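Labels for the chains are A, B, C and D, by order of writing; each one numbers its residues from 1.
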Amino acid sequence: MQHYPILSIVTLFLGAFLTVIFGSKNETVRKFIALVASSISLILVLMLIKPVMIENNVIQYWMGNWRPIHDWAIGIGLEVDSLGLFFGIIAVVTIFLSIVFSFRYTEKDSETDKYYVLFLMLSGSVLGLVFTGDLFNMFVMIEIMTFAAVGLTAFRNYQEGALEAALKYLVLGSIGSSLVLAGTITIYSQVHTLNMAQISALLFNNLTPSTLFAFALLLAGYSLKAFVVPFHPAAPDAYMSAPSSISMAFSGMVNKAGVYAIIRLVYVLYHAMSFKSIQLLLIIIGTITMFVGVTMALAQNDFKRLLAFHSISQIGYVITAVGVSTALGLTAGLYHALNHTLFKGLLFLTAGAVFYATGTTDLNKLGGLAKKMPQTAAVFLIGAFSISGLPPFNGFVSKWLVYQATYQANLAPVTIVALLVSVMTLASFIKVAQSIFFGQMPKEFENVKEVPLSMRIPMWIMAILCVLTGIFPNFVTKYLISPAVSAALNVGKYIDIMMGNGYAEKILGKPVEIPAVDYVLAGYWNPVAWLVLFALLLLAVTIVAVAGGFNTASLPVDGDDSKYEVFFGGEANEYSHVKGNDLFWGLKYDLRHYFGFMHDAHSGIINDYALWAIFTTTIFIVYIFLLVP
Amino acid sequence: MLKELIAKSFEKSPWLFHLNTGSCNGCDIEIVSVITPRYDAERMGFKLTGTPRHADIVLVTGPITSQSKDRLIRTLAQVPDPKVVVAIGSCPRSTNVFNGSYSVEGPLDKYVPIDVSVAGCPPKPEAIIDGLAKAIEILKEKRRAMK
Amino acid sequence: MVVLSYLFYVLVFPGLLFSTIVGLILSGIDRKVVARMQKRIGPPIIQPFYDFFKLLGKETIVPRTASRKTFLYAPVIGLLALVTVALFIPMFKFTAISTVADIIVIIYLLTIPAVALIIGGAASGSPYAGVGISREMVAIISYELPLVIVLLTIGKKVGMALNNGAITFSLSQIVNYQAQYGPMITKWSLIPAAIALLLIIPIKVGSVPFDIAEAETEICEGPLVEYSGVPLAIFKLNHAIKMFIMTSLFVTLFLSGKGTGILIVDILLQVILSAIVVIVSISTLKAITARLKVEQVLKFFWTYPTALALLSLILVWMGF
Amino acid sequence: MKFPYLKEAIKSAFKKPSTEPYPKVNKEAPEGYRGKIKYYPEKCVNCGLCIRVCAPGCITRTIEKVEEGDKVTFTFYQGQCTFCSLCADFCPRGAIELTKDYHLAVTDPKDLIVSGTFIKKAPPKPPVQPQNQPAAKNQESNA
């Protein structure tokens, strides 16, 4: 049980290398290796849940058995507490489903062996980052992750914009990595150790200016990896041009890894959550990210680009909730991170299915696919309703927790912005639903067929997960989220396990009690009873229908009887599908100055984005030096 | 019990759809004046709807000009049963003074049987209300016949 | 026993039957009052019942381009959400189902009927419905902001008094507060919020000055263009129940109090008060103003009601 | 932020509505209203002026030989009539009159037809018997 974390990481990397050796020629061998590697790591991580989450102990593993001598950690240590495992589960589930999806999804692409190699490297590095207990090892994993991601963004290099997106991601990613490296080095120069537990013990209320400088750099670097607003422009292009199974992994794992790093940095390493200013900084970033992300998404014309901006805005939710340092805030943040991975992954898979079936994801070209691809449309609706937070689905519970947390921390404007953003999310997904799945179907998609089964299975799994996490919030929080929150808040145990007992007695305050999110707190009426209502009402409506003098719906008979044509003001039905940017004219007209400014700000030139990144890093540094004591 | 209620409610809430096939708008303003406070058809449950799908009674005005012929046929087909066609004014009845003109495609009953025709050019609002009352009777029979 | 009471709640009292009857009566009153304001006799009060049963008897046509299941089930989903919301709204002391946070659940459950209308319209595949959908969404965005601010203000006001400063989202606590300190409308700091909510009710219900989504003249009933027969009957029913729910929410938030204690009289009082609110807010606006343009709706709702609501939020925040 | 017509709306809410109870109380058409056509066959002299003058041409006449003259039936098809009352004005005899009756809603088109028949007697036969000796009779008469 001690070796599961390292084994799960190694199997993924091993899978990558084996694919290079054996899989380069034969397609099925490649798929087999990828499937085996991801399922082994999935099983290993899921087996970790019982010891870490339920029995609440922390697994520590020293590479090469280099245990700390005289209380000084030299070797690289893996440390899996429930916070790390929580993100690990998210990552592993996303990896497995994404690989199953990409079997048939990438059959039209050439050289898919490079796809699987890079993908396994990406997943191995994310798992490594989440399980590691060593700061420099975290930097190495972030490096691997960034470069694998850049490679995967440019995987379909025949698509226009793919190479440019990869270059943008490369430039911004390397800026982020260099910031992280600089931060790590400055910390090392101060505390002469790289083991996070020991750093956290040594940094406990003796924050010298250079550790503050390191804190600012690390915060900037990690928030760049999480694509927070000032650093976000690389994300939409990368998500758009990468294959959908990869952009699902991006939005499921890669920006979650960034969020994990921020939580680890702020809560565990620097115990910075006691400083009001840091909380305010995170909340401001989160709110701006939320708002900018969703307003930009409203103006998009491409399905995947719209989803990319939504990922940014949902990460804004998570960071705002994490910024509210109360236990409820962190619970809301983590719960929303889990939900976000589920419904965003589901939506990216539907985007992939639409791309696979029609060859384009442009909102202005598609239409009326619900008749040809009913299951994809149903799954898309589940995803769209969950992301916009409608009650029976999971988005509602986590968003509600975010509002409750922010409003209890006396942040009324943030709650109002959050609710407004949630409505705008609903608006943009109605736009997608109308432009792609409903309305009239253009001629060229006449013979579009439903996507093959192996692509629909992961979609349905995620849809069911979306509904389950929405219907049983207290079950999910009790087993998954509360342990993670307690791990993040009481840091003492994290340190003692690694450095031997008694090392962190000055930090060992009394453990913060975690409010179990049950129906009273979640304020959500017991959804099971809601399902009973659903059944009762359906019964009532059918009774009225049967008893009443109803005549059954007259379904359209073939032939061209114009009774079943759509009412077109009397005209014959020609193709006039209301789609893409015909929608929300009123809103765009009223906010045209804002959209104009946003349009210019996202100029698409790399040095503008690099300027944005450096500018915000300096703001972080100045802010942290001024406000933190 | 519900069935009689439904049958009775057909008599109480007929919805109108106004279909202008090239009329000189004399009859159109008379139809709209039926809904003004002085004549107030709404007290009998009449309501003008925007789409043929919601309509029970279709008020057709104007001699069927060639432009509006196939649109007329298509729109009338899109009205769900039971439906009643009422010809307002002389034009739909017999293409009035435009009889024999090159662009007029003949009276309405060449395309659809007229249930009630309200003569007059334009008919008085009270006459239209009479016509609508007769139309309700026919609507009820059609509903009974429809089951 | 619990299942039986659930059954009764859901199917009869605050649920399907009660809210249908009261909703249709309220929309009858609304049409009658609007007619009387235009000096015409106007339809009988039970006219909506006749409309509903006539539509039940009509033939239901499903157009060829529509995706059938979504097209037929959208109204029922809207009805479900509306009946669920009807269970949450307390009437003077009686609440069918109450939890800690009713307001947020109500906000979200009230978006489901609007989304059902949108998905139904989208499923019908008509271009008019497409335009109607985008207008409905702009309407939702415009009224969500002031509505949320009003509800948060009330939550804060009651929270400060009852549970030591932390906001309360529960409607039963709001009713208790009003039982102790008198109806909320008497508090001067909350009058702007009351006016803002009075302006929000017509657009939430979709009545004339703000019914840009179902504009008969411009886009032939918007999303409802392809509906006929039973689905249209259920959508019209949703429309009526939404009117009852929004007005009885206003009554609960601003005009409720101890109540007489006898259930029947309380319910009657609630229905009469919501009828008065219908007359004051929906009918007068419908009788005197014409329909706004799309961007005027957004501009209107993000300036006047939002300013009013923010004013009372600041006042409450400062402790008045 | 002024609300137009607010005072007027509230005032008229309490006034008596100005709707006419039409279906129960039959309303008289105003003076000189050109309603349903009324045809007096006995006045008509079959001069055909009304046919020539009628714009939509909805007046038709059938003449049929009968032993004391010709039986003329005039049919006015009100479905085609624009109620301009030109025929009434031009009729030298005043045989056509547009009444104030506006109840023209019919279910079958037959009710819209107003018709009347009359027999236009031929002029009286001359008393002289028929000319059988043309030449002789002329000499006697002028002698």
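FYI, contacts are C-beta pairs under 8 Å (C-beta built on N, C-alpha and C of every residue); 3 or more make two chains touch, one makes a residue touch a chain.
For reference, the UniProt names are A = Multicomponent Na+:H+ antiporter subunit D; B = Membrane-bound hydrogenase subunit mbhJ; C = Formate hydrogenlyase subunit 4.
No experiment lies behind these values; they were computed from the predicted model shown.
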{"item": "Chain pair whose interface holds the most contacting C-beta pairs", "value": "A-C"}
{"item": "Innermost chain, taking as reference the mean of every protein Cα atom displayed", "value": "C"}
{"item": "Geometric centre distance via CA averages, chain C-chain B, whole Å", "value": "35"}
{"item": "Chain A and chain D, separation of their C-alpha mean positions in angstrom", "value": "85"}
{"item": "Centroid distance [mean C-alpha coordinates] between chain D and chain C, Å", "value": "59"}
{"item": "Junction residues of chain D - those touching two or more other chains", "value": "17-19"}
{"item": "Junction residues of chain A, two or more chains touched", "value": "548-549, 551, 563, 565, 567, 569"}
{"item": "Residues within chain C bordering two or more other chains", "value": "35, 38-42, 56-57, 59-61, 128, 220, 225-226, 229"}
{"item": "Every chain pair meeting the contact rule", "value": "A-B, A-C, B-C, B-D, C-D"}
{"item": "Chain B contact footprint on chain C (complex, rising order)", "value": "31, 35, 38-44, 47, 49-54, 56-61, 128, 215-217, 219-221, 224-229, 232"}
{"item": "In the complex with chain D, residue positions of chain C that touch it", "value": "33, 35-42, 284, 287-289, 304"}
{"item": "Partner chain B, residues of chain A touching it in the complex", "value": "547-549, 551, 561-563, 565, 567, 569-572"}
{"item": "Residue numbers on chain D that touch chain B, as the complex places them", "value": "17-20, 22-23, 27, 29, 33, 35, 55-58, 77-83, 102-107, 109, 112"}
{"item": "Complex contacts: residues of chain B adjacent to chain A", "value": "2-3, 6-7, 51-53, 68, 70-75, 77-78, 146-147"}
